[in-house]
Amino acid sequence: MIRVLVSPAPIDLADEMALAGQDGALATFTGMVRADDGVTELMLEHYPGATERALTVLAEEAVLRWSLSGVTIVHRVGPMRLGDRIVFVAASGAHRAEALDACAFLIDRLKTDAPFWKRERVGDHHRWVEPRASDDVSAEKWR
Amino acid sequence: MIRVLVSPAPIDLADEMALAGQDGALATFTGMVRADDGVTELMLEHYPGATERALTVLAEEAVLRWSLSGVTIVHRVGPMRLGDRIVFVAASGAHRAEALDACAFLIDRLKTDAPFWKRERVGDHHRWVEPRASDDVSAEKWR
Amino acid sequence: MRILYFAWVRERIGAAEEEVEPPAEVDTVAALIGWLAARSDRHAAALSEPERLRAARDKDFVPLHTPIAGAREIAIFPPVTGG
Amino acid sequence: MRILYFAWVRERIGAAEEEVEPPAEVDTVAALIGWLAARSDRHAAALSEPERLRAARDKDFVPLHTPIAGAREIAIFPPVTGG
């Protein structure tokens, strides 16, 4: 089962964990807004339609590469505050190594393959987050 | 912050996820009872005192190896039914690669380094689960 | 042809989308970016460094040398930073 | 000295623990297992294959050649299967 959701609503972890699967092994990753260098707010912009398509392609690739019973990708968009959850990915299956690898794959590739852009607010200013070379390296591992 | 809990109570994922950290990146692994070959019930035996000590040593090793703000290891003991959560581990920190690696380390090493024994019920019989060579291989990766 | 802009590309241009009809010699995404950059100072400010830009053709991510013939929608944006 | 048994070792012996006073020549965990195996048929059934057994000395996991002098508690059990 593949679940892909892009929404401005807060991510409910209890709901998502319950939906993500009951098949022996469940690996998850949650990304949250943190206070880097005085950041007080985060805005997530995305490309409606293309985002959902990119995330679905990613989930399908995980299902092809590993033996999984479920893949979840939930990404929040719009304004967020410190501590808010930005992204939740989960992979479930019969075996822990496959769930763990698939989970790392999902978040590494989501960082480079899905059309999201982060804008940080610091005091009265805002700035667009620069992509990090280390994200490309992490995504490249899986190609 | 290190949280180690060994208890017969069901594992509450929402509580554990909330306790596990709000520091940017949170990786978790959940193991559940699955219906292998007609298994209807699982009994988890452990070595009180030694178990908590082994899990604390493991959590401390993770904190030494990676830059983490939180490590959680919760393991249920006693009788369990299909779908029940057996174990929940979590690692949180500023960077996703460290959280993901630490989470995999925790569950791989827990499998070989903590005194738990699984007994399965199949129909009217029960059998002790045999250790798997693949678990030793996974744990060895981290040494 | 519908052009979409995202993130700082959108902010510098001051618009999220526009309809254009590029001439036939504008045949790739890269050529389209050069042609769009000439439309106004704001376009120039957003599009003058194509090496900082990425693109999608009808919602598929594509290299800048991709042909645009037949495309209904081209999106132009900075490298992504989600997750 | 307190001896603890777990899992199928406990089941075969029919007891979770016992107090014993092994003689001085029983100086390692391996020697202790051999000595305990001679106590009854049930002990023999549980302890006759030391290669299938693991041990802890005062709650620390140790190899079977570890000395037992000074130990208050020795636990004997099969390889672990948690997680």
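Labels A, B, C and D are assigned to the chains in the order they are written; within every chain, residues are numbered from 1.
Here is the rule we go by: a contact is a pair of C-beta atoms (placed from the backbone, for glycine too) under 8 Å apart; a residue touches a chain by one contact, two chains touch by 3 or more.
Composition by chain, UniProt nomenclature: A, B = Molybdopterin synthase catalytic subunit; C, D = Molybdopterin synthase sulfur carrier subunit.
Being a predicted model, the structure only gives us computed values, none of them experimental.
> Along the graph of touching chains, what's the shortest path length in steps from chain A to chain D?
Minimum step count, chain A to chain D: 2.
> Just give me the whole-number Å value for how far the CA centre of chain A lies from that of chain B.
Chain A and chain B have C-alpha centres separated by 23 Å.
> Centre to centre, by mean C-alpha position, how many angstrom separate chain C and chain D?
Roughly 73 Å, centre to centre.
> Centroid from C-alpha atoms only, then distance chain B to chain C, rounded to Å. What do you get?
About 49 Å, centre to centre.
> Two or more other chains in contact with one residue: find those residues in chain D.
83
> Give the residues of chain A touching no fewer than two other chains, as numbers and ranges.
31, 96, 107
> Determine which chains touch and list them pairwise.
By the stated definition, chains touch in these pairs: A-B, A-C, B-D.
> Within their complex, state which residues of chain D touch chain B.
The touching residues are 4, 6-8, 56, 59-61, 75, 77-83.
> Which part of chain A faces chain C closely enough to touch in the complex?
Within the complex, chain A touches chain C at residues 31, 44-47, 49-50, 53-54, 75, 86-87, 107, 110-119, 128-131.
> Once bound in the complex, which stretches of chain B touch chain A?
13-14, 17-18, 22-32, 34, 83, 94, 96-97, 99-100, 103-104, 107-108, 134, 138
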